[in-house]
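To keep things simple, chains are lettered A, B, C and D as they appear, and every chain counts its residues starting from 1.
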Amino acid sequence: MIDSELFDQMLTLAAFDQAITVLFVDDGVYRLNRETGEPVSTMETAGLLELLAFYDIESVWVEEESLVQRDMNLDDARLSVRTMLREDVAGLLARHDVILGD
Amino acid sequence: MLGERPEVSIRLMKFAIQINDSPTRSESARTGFQFIKAALASGHEVVRVFFYQEGIYNAFIPGDSAEAAIPDWNALHRDEGIELVYCLSAAERRGQANSCPGFVAGGLGLWVDACLRAERVIVFGG
Amino acid sequence: MGVLHLVNSTEGLGRCRDRLGPDDAVILLEAGVYTAMAPSGKPEGMDVDLFVLQEHLSQRGIARTRVRPAFTLIDFEGFVGLTVRHTRSVTWA
Amino acid sequence: MKPSSPETTEDGFLLEVGQWDETVAHQLAERIPLTLTEAHWEIISFIRKYHARFRHLPNNRMFVKAVEKALGPDKGNSRYLNGLFAGSPVKYTCMVAGLPKPPGCI
């Protein structure tokens, strides 16, 4: 069940036609697989990303170092999430008007 | 001779504030409360305070001016006319009904509206 | 200009350390103020303006002499000023 | 045999999601009261598919957007949906569709 209040906040912003970028960092990467904590390539992750995509949230990133530190990987080609390096996160933050965390 | 004038140092801003923590379990609600008071004292405007996630408990735990431990949000609403909106579904999810005076229930749409009207968005807690 | 990083936990400073841009600033609040204490000098890799909320230091009985010199003590009015100077902020819990 | 009136929560949402069928939908609609037409069924079947696919319930704004994405702007707008569902589209659509209470509905 995708019931996170953070996701509802993102989806509502998207429904108001705001351009949204989602970035998973630190323990946030576990949200890519909340149920089992297994590697992130699961049906549920696909479902979450599908929901984001349904509302036109297609800029979805996960920080490489956060994955590596947690022995997680993103090798499922079905997943539309892209990885970025920690050193590029500052630049991403600077390109947005509002930054909301969890 | 007119030199270059320094930029006016005080720029008045519109703030949208989100509070995400309970006033009894964390300091963040109180930090947000004091931030808002300081912002108002500096002449800034607070478009709306939106209470989300655990922050909705602020709408259900009466403020206490005397102790000053629990923010007196109602006084802020009464004295400064600040709009206090708690997220209805976040409150329902936590089984909370009958909010304290000064608060109104609303949806995330009101938060997005505040973000769009404000020049600065600040999130406390969570 | 830049992003203002609000750090309100002891882990927060470490979390934002490698995610700072050149025009950013950091303010320590709540439990985050503990990370303003020794070792002396600037926290490694943080070449940005660093602030700590004085009120939250006092509440924890931390004397200003124990705060690293790299941090500037600031009150709530100064905190508001920082959010005016930086166009966006992010909270690291 | 089905009970003649489906058991609901205090707010009128079906207690046992598995009990839902078209007859139950009509019974739930009668209590609002709403008379279901083809136009209603199009929206009801959309929200059931949406919920089955995403395991998520939208709030008002998301719902309008979601209907717009699935069925086009003629249907994905507040005026059309409010008219069809007595001014509370996301609430009554979910209710008649046998889904739980959606977020942010009074």
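We take it that contacts are C-beta pairs under 8 Å (C-beta built on N, C-alpha and C of every residue); 3 or more make two chains touch, one makes a residue touch a chain.
None of these values were measured; they are calculated from a predicted model.
> More C-beta pairs touching across which pair, B-C or A-C?
Of the two interfaces, B-C and A-C, more C-beta pairs touch across B-C.
> Quick one: subunit C and subunit D, Cα centre-to-centre, how many Å?
Comparing mean C-alpha positions, subunit D is 49 Å from subunit C.
> If you average the Cα atoms of subunit B and of subunit C to get two centres, how far apart are those centres in Å?
Spacing between the chain centres: roughly 21 Å.
> Using mean CA coordinates as chain centres, what's the subunit A-subunit C distance in Å?
The separation of the two C-alpha centroids amounts to 27 Å.
> Quick one: report the Å distance separating subunit B from subunit D, using the average Cα coordinate of each chain.
34
> Check each residue of subunit B and list the ones that touch at least two other chains.
Expected reply: 87, 89, 107-109, 112, 121, 123, 126.
> Mind pulling the subunit C residues that touch 2 or more other chains?
In subunit C, residues 87-89, 91, 93 touch at least two other chains, as defined above.
> Among the residues of subunit D, which ones contact at least 2 other chains?
59, 61, 103
> If two chains touch, include that pair; go through all of them.
A-B, A-C, A-D, B-C, B-D
> What part of subunit D is in contact with subunit B in the complex they form?
The contact residues of subunit D facing subunit B are 59-61, 101, 103-106.
> Can you tell me which positions in subunit C touch subunit A when the two form their complex?
2-3, 15, 18-21, 23-24, 87-93
> Provide the residue numbers of subunit C that touch subunit B in the complex, in ascending order.
6, 8, 29-31, 55-56, 75-77, 79-81, 83-84, 87-89, 91, 93
> Can you tell me which positions in subunit D touch subunit A when the two form their complex?
Contact set of subunit D toward subunit A: 53-56, 58-59, 61-62, 64-66, 69, 103.
> Tell me, which parts of subunit A touch subunit C in their complex?
For this pair, the touching residues of subunit A are 25-26, 86-87, 89-91, 93-94, 96-99, 101.
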